[in-house]
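Chain naming follows the written order as A, B, C and D, and within any one chain the residues start at number 1.
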Amino acid sequence: MTDTVERKTLTREHLLDVYRTMRTIREFEERVHAEFATGEIPGFVHLYAGEEASAVGVCSNLDDRDTIASTHRGHGHCIARGVDVGEMMAEIYGRKTGSCHGKGGSMHIADLSKGMLGANGIVGGGPPLICGTALAAKLKGNGGVSVAFFGDGGSNQGTTLESMNLASVWNLPAIFVAENNGYAESTSSTWSVASDNIADRAAGFGMPGVIVDGFDFFAVHEAASEAIARAREGGGPTLIEMKFTRYFGHFEGDQQTYRASEVEHARAELDCLKRFADRVTETGELGRPDLDAVDAEVGALIDRVVGEAKAAPLPTEADLLTDVYVRY
Amino acid sequence: MVPLTDDRIVAVTMPKWGLSMQLGKITAWAVAEGDEVQAGDDLADIETEKITGTLEAADAGTVRRIIARVGEDVPVSGTIALIAPAEVGDDALDAAVLEARAVIDAGVPDDAGGGAELQTADVGGRKISYAGAGQDGDVILLVHGYGGDRNSWLFLQEPMAAKYRVYALDLPGHGTSAKDVGDGTLGVLADAVTGVLDALGAGRAHLVGHSMGGAVALAVAARDPGRIASLTLIAPTGFGAEINAGYLRGFADAQTRRELKPVAGQLFADESLVTRQLVDDLLAYKRLDGVDESLHTLLGTLLDGDAQRGDSAAALAALGDAIPVTVVWGRADRIIPAAQAESVTGAVRHVIDGAGHMPQMERPAEVQAAIEETIARAG
Amino acid sequence: MGDAIVGVVANPLSGRDIRRLVTQASVFPTAEKANMIQRMLTAFGAVGVHRVLLSTDLGGISAAVFRALQRRRHTDPRWPEVEFLDGQPIRQTAHDTVDAVRRMVTEGARVIVCLGGDGTARVAASAAGDVPMLALSTGTNNVFPAVREATIAGLAAGLVATGAVPAGDATSRAKLLEVRAGGRTETALVDVAVSTERHVGARAVWDPATVTQLFCAFAEPDAIGLSSVLGQLAPVARHEPHGVTARLSADAPRQVLAPIAPGLVVPVGVGEIEPMHPGSVHRVDARAGVIAVDGERELTFGPGEEPAVRLRPDGPRCVDVPAVLTASARLGLLASIHQTQGGEQ
Amino acid sequence: MARNITYREALNEALAQEMERDETVIVMGEDNAGGAGAPGDDDAWGGVLGVTKGLYHKFPGRVLDTPISESAFIGAAIGAATAGMRPVAELMFVDFMGVCFDQIYNQAAKFRYMFGGKAITPVVIRTMYGAGLRAAAQHSQCLYPLFTHIPGLKVVLPATPYDAKGMMIQAIRDNDPVMFFEHKALYDTSGPVPEESYVVPFGEANVVREGGDVTIVTLGRMVHTSLDAAGQLAADGVQCEVIDLRTTSPLDEDTVLESVEGTGRLVVVDEAHPRCNIATDISALVARKAFGSLQAPIEMVTAPHTPVPFSNALEDIYIPDAQRVVNAVKTVTGWSR
C-alpha cells in the first residue's frame, strides 16, 4: 500500500513556493481587511487569514487534471490554485478587469482554466459539483481528483452529506475537506453541546475520516497527499477534517463578540506561517533570507494589485446584459 | 403667536387639527387681499397628513395680507394671513409679514400655546387615554360617539383652548384606551368619563357628548348632577326609537376599505369629506385587537332590534332644570333624524344646516358657539 | 462525603489520525466512547463508588454523558454522583488530558481510567503520578491500553477505588522510556523510534523505511505497532525489569515481517539487538530527524543535540483487571446473602 | 398616537407580542438566538440582521438556533406546524430556497389539499430578498414570483413598518403557510406603528397615493421608488395613483381594476426578473378584465433578464429607479393610436 506510492517529497523549490503562496494569501486577506474598513469595497467579504495551511497543504498536491470547489470564504483556495491575484483584487473592487469582470464579486471568484470551480455563496453548493468533476475525471481515466472545501456549517448541509454518499457509491476520486474553524457563523461550541464530529460521519459513508491540525502545513500536506494518491489510484473518496481557528469574523464587520481571546492565542502561538518558517529554518531546508525576500516580493505584489484595482475601470451599462447566455 | 405691534391686527394661524399634526398645507385660498369677511366665512382649504378641511374666519374684518402660498408647508400656529381694519397702516402689517415669513421658512413648528399632550388614567383597571389643551377657565370634557375617538373633536379643541381647559377622552373600546368594554353598558362608559374628571381634579365640569357620547354624558350627569355645570348633546342617542341600524351594523361588520367607505359616507352631509386617509384610519382602528368584539358588544347597548335602546329622555327629565342643556343636530343627519331634537325637553335647540351626523367636524364654528352659549348660561 | 472517587478522562481526538487513511484503522466514533463511559458508571454504581470526575471536551463525549445523566437521574439513581471538570479553557490538544488528570489527582481520585490509545495513555500517565491508572483502548495502536469491555474495567476500577480490593495486589508498576533531545524530555510507555522524517507532520509513524533506531520498554510477540519488530526477534514481557533496543535499516541481512500498524504487515531490516537495563543511557545515532514516542512523532532534533534514551522502572501503577476480579471472587465481594422472609435463599 | 419605529423593530415587536399571546409560537433559524449555548443577549445576534434580537431571553426554549441545514429545519418547522405549533422559521436569504424548496412547495403548500382538507399548516417562513447591498447574484434575488405560482402558499411583502407589524401578526395567526418577504433595504426605514397588537388582512392592496391620470401598481421596496416618481410627475401636473399590492397571493384584483378603469393607463413596477414575474401577471389580469378602459399599452418597469451583478456600477443600473418609472409614465401618457 505505502511503499508502492512515491510520496511527493518536498524539494527546496516546493517549500519556497508553498511559503510564497501562503504569504500571498495572508497579505491579500490582511490588505482586504484594511481596505474594507475604508468603505471602498462594496458588499461584504469573508476572509481566510489563519487557514492558509489548509488551502496550500491540499492544493500543493494538485495539478492541472484536478478541480476544487470553495466556499463563500474562498480567496485562499483561489490563490492556492493559482488564480491571478491582480484579477481577484479587481473583482473585489467590482472592476471590469476583475476575474469575473466585476459581475461575481468576492464570493464568486472562479477560474475554470485553473481547475477552480469558484467560491460559492450557497453553503454546501460545492460538494455536488465536485462529484461531477470527479466523475468526469474517472470516466476520462486521467487520474484527476476533485476537492470540495466546506466549513463546519456546510457539514450540516444536505447537499454535502448526499455528495459524500454519492462519492462512496460511485467510488469517485473526491476529497471532502471540512475546514472546522469552530464557529458556523456565531454558533459557538461549549462542552455541554454535542458538536458534530465531522470525521465520525465518514465511517457512515464508508470512507476514511481523518482529523488534521489545520495550523500545521506538514500535517495537512502529508494527509492530503496520501488521500489524493489513494483517490488517483481508484481508492475512492476521503474526508479530511481540519481543526483550527480563523482570525477574522464570519463576515467583515462581524465584531466577533463571541470569541474575543481565542484569536489572539491562535495568532501568537499557532500561526501556520510562523510555524512553517520556524520549522523549515530549524531543519535548514530554507534560510530566513529566503523567506524575507518572499515577504518583500509579496508585499510589493499586493500593493501593486490594490493600486491597479482602484484605478481599473468599472463595468458599463453595455456589460449589464452580456454573459447571460452563450447564444439567445 | 406672532408678536403684533398693533393689537388691531388679527393673525390668522395654521390650525392644529390632531395631536400629531406638525405641518399643514394650503390647497386653496377662498379669499384675496382686500376681501371683507365675517366670523365663520371660509378662508382657506387646508390639507394635513391626516385630514383635509376648511379654515373658517374667527373674526370679522378685512383680509389685508395673504402670507402663506398654496402648496407650501406651514408649521402649526404659524401666521398665514392678516386681518385688520382698513385704517391700520401698511408698515405695521409688513413688519408682521416679515416675521411670519421667517417662521414659515424655518419650517420649525412654533408651538406656542399648550400643545395637547396625551395622558392616561387607570379607571377600574382600564387604561383610559385623554388629552387636554388650555391652561385656565372651566373644564370642558368632550365625549365622542360609537366608533369615534378624541380626534373627532380636532376642529374644536384647539380654538376653544384659548378660553377654556378643554379635554377629550377615548372611551373604553376606542382610540388608545383599553379595548375591553365589559358588558358594554352606558355605566361602564360613564365610569371612564367620571374617572377622567377625577384624574383632572375637576370638581365641576361642562360635558359635551356626541351621539352615544351624549347618552354617556347624560348618564354621568344623572349620577352626579352637582358636579356637571352644563350639558351640550350633539345628535344624542336615546331620544327616540328610530336609528339607522344598517349604518351601525355596517360599521361594526366592515372588514375591507370597499365595505367601510360607503358606510362612513352616511356620517356626513357631504360624502366627499370621507377621504381615503379617514377610511384607512377607521380600518386601522377596527383592526386593533379587541375592537371588533367591543363594537359588537356596544351594538347591544345602542340597539333593540332595529330600534334604539335606552331612554335618555327619562334621564334628562330626572335632572329637572338643575343643569342647563343644549341640543345640537345636523339637519341632514342620516343616522339619527334631527326631529328627535324635539324630545330633548327643556333644552335650547340648535339645528345646523348643511351638517350630517358629525356637525362638530362639518360645522365646527357653529357647534363651538352653541357650546360656549351653554357654558355662559351655566354662569 | 464518600472518598471512593474515580477519575475518567476521554480523548475525543483519539482514533482519527492518518492511519485511517494509510492503513485500515477504523474510526472510533464519539458516541461509542460516551457509551463506554455510561457502562462504566453503571459498574461504579454497582460497587459503591461515591463520586466520578469526568473530563470535558468539545468533541461531544461529555455532552452525551451529560444528557444521559439528565435522562437517568429521575429514573434510576444507582449511578454515582458525576462531576464534570469545568472552568479551564479547552484547547483541543494533549494539554486538556494533562489538565484533567492533574485536577483528578488533586481532588483525590483513587483510580484514573483513561479512554484512548497509546498516545492518550502516555499523556495521562505523565500526570497521574502514583494514582493507579486503568488505560482502556479506543485508539489505533493499542499496545499499552487493554482491549476490554468497559463494564468489567468499571468494576475493577470501582473495587480498587472503594478499597474493597487492596491496591497492593491489584496494581503493578509499569516501565517507562525517557528520551532527552534539544532540551526537551518526553516519556513513552511502549517504544521510542528514531525517524529520518524531517517533520512531525501527521504524527503517526507508518513508514518503516524511515525508522533507523528502536527502543522498547517491552516487546510482546502478539503486539501491534513498531514494538512488534522486536516482539518477534527478542521478546520482553511487561513484568521483566529490562527493555530492548536495535538499529533498523532496510538493507540489514536480517529481515522480519512485522504488523507495524493495523492492516500493515511489512518486512523490516534489523541490525544488532541489545538489552536496555534500567538507568543505562543509550545514544541516538542519527545526526538529525524526528523522534516518535509510542508511535507518534513528537521531538525534532538537529546536529549537535545528541538525543539519548533511558529505561526507568518507575512508570505508572496500572490496575490489573483480571487480578482485581479474581480477588473479588476469592473474597466474595460481589456475592451477598439476602435475608428473605421465611428462611433460605 | 402611533410612535415612529423602524421596520426591523416593528417585526421584532410583532414576534414578541405574538409569543407573549400564544405559547405555541416559536422562532427558529440560523443564529436566531445567536449561538447554541452562547449566553444570548450580549452575544446573540438575533438573526443575521437582528430581527429576533432579545427574544432568546424573553422566551427561553422557544427561540431555537439551527445548523445550516435548510431542508431539515424548514421541514421541521412545517412538521411542527401540523402538530399544533405556530413556528416562524427564518430562511436567511430567499436565494437559499434552492436548498429547502421541496419542503415548502411539495409539502407545506399541498398538505391541506392532498389530505382532503383535514390538515392545517400554520407556518410562517420569513426571508430577506432584494438587491442593492452589493451582495452579488446569490444573495440579492427577489424570487417571490416562484412562490406566488404555488397554490397553497400565501406570499406577503410589507413595504412599511406599519404593514410589517400588522402582516407579521396576521401571518402568525393565519392557518395557511405564509412566505413573508422582507426587503433588505427596508429594515432601517421608519414610520408610525401603534404599540397595540393589530392585523393587516391579506388580499387587500393599499392605495398609498391617489391620482386620476395614471395607475402605478407596485410592491415591496418599489413602492417607495414609485412614490418618488409620482412626486416628480405631480410637479408637471401628472397625478399618479400608486397601489401597493402588499400580497401577491391572495391578490387584490378589484383595487387594481377599479383604479385602471378610472385612469385608463397602467405602469407596473416590479424588482423581480422580467419573465413570469408579478408585472406580467398584473398586465395579463388588466388586459383580460379591464381591456375596454385601457387608453395605452401597459408599461412594465422591472430588473433586466440577467443575474444580479456584483459591481456597484452595474447593480445601480440593474435596480429599477424613479427615473425609469417616470419615463414609463410619460410613455403611457404620451401614447396615441
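Convention: contacts are C-beta pairs under 8 Å (C-beta built on N, C-alpha and C of every residue); 3 or more make two chains touch, one makes a residue touch a chain.
Since the structure is predicted, the reported quantities are computational estimates derived from the model, not experimental observations.
Novice: Chains touching chain B and chain C alike, please list them.
Specialist: Chains touching both chain B and chain C: none.
Novice: Specify the chain most distant from chain B by Cα centroid.
Specialist: For chain B, the chain whose C-alpha mean is farthest off is C.
Novice: Which pair, A-C or A-D, has more C-beta contacts?
Specialist: Between the two chain pairs, A-D has more contacting C-beta pairs.
Novice: When the centre of a chain is set as the mean of its C-alpha atoms, what distance in Å lies between chain A and chain B?
Specialist: 71
Novice: I'd like the Å distance between the centres of chain A and chain D, where a centre is the mean of that chain's Cα atoms.
Specialist: Taking the mean C-alpha position of each chain, the two centres sit 36 Å apart.
Novice: Go ahead and note the Å separation of the Cα centroids belonging to chain B and chain D.
Specialist: 39
Novice: Show the residues in chain A shared as contacts by 2 or more other chains, in ascending order.
Specialist: 189-190, 192-193, 196
Novice: Output every touching chain pair, sorted by label.
Specialist: By the stated definition, chains touch in these pairs: A-C, A-D, B-D.
Novice: Sort out for me which residues of chain D touch chain B in the complex.
Specialist: Of all residues in chain D, those touching chain B are 1, 162, 166, 192, 194, 196-201, 204, 206-207, 210, 254.
Novice: State the interface residues of chain D toward chain A in the complex, per the touch definition above.
Specialist: Touching chain A: residues 30-31, 34-38, 42-43, 45, 48, 65, 67-72, 95-96, 98-99, 133-139, 304-307, 309-314, 317-318 of chain D.
Novice: Chain C touches which residues of chain A in the complex?
Specialist: 1-3, 182, 189-197, 199-200, 202-203, 208-212, 216, 218-219, 221-223, 226-227, 230, 238, 241, 243, 279, 282-285
Novice: Which residues of chain A touch chain D in the complex?
Specialist: On the chain A side, the touching residues are 42-44, 91, 94-96, 98, 100, 102-108, 120-124, 153-154, 156-159, 184-190, 192-193, 196, 257-258, 314-317, 319-321, 324.
Novice: Contact residues on chain C for chain A in the complex?
Specialist: Per the touch definition, chain C meets chain A at residues 12-13, 16-18, 20-23, 26-27, 29-31, 56-60, 62-64, 66-67, 84, 86, 90, 92, 198-203, 206-207, 209, 263-264, 266, 288, 300, 302.
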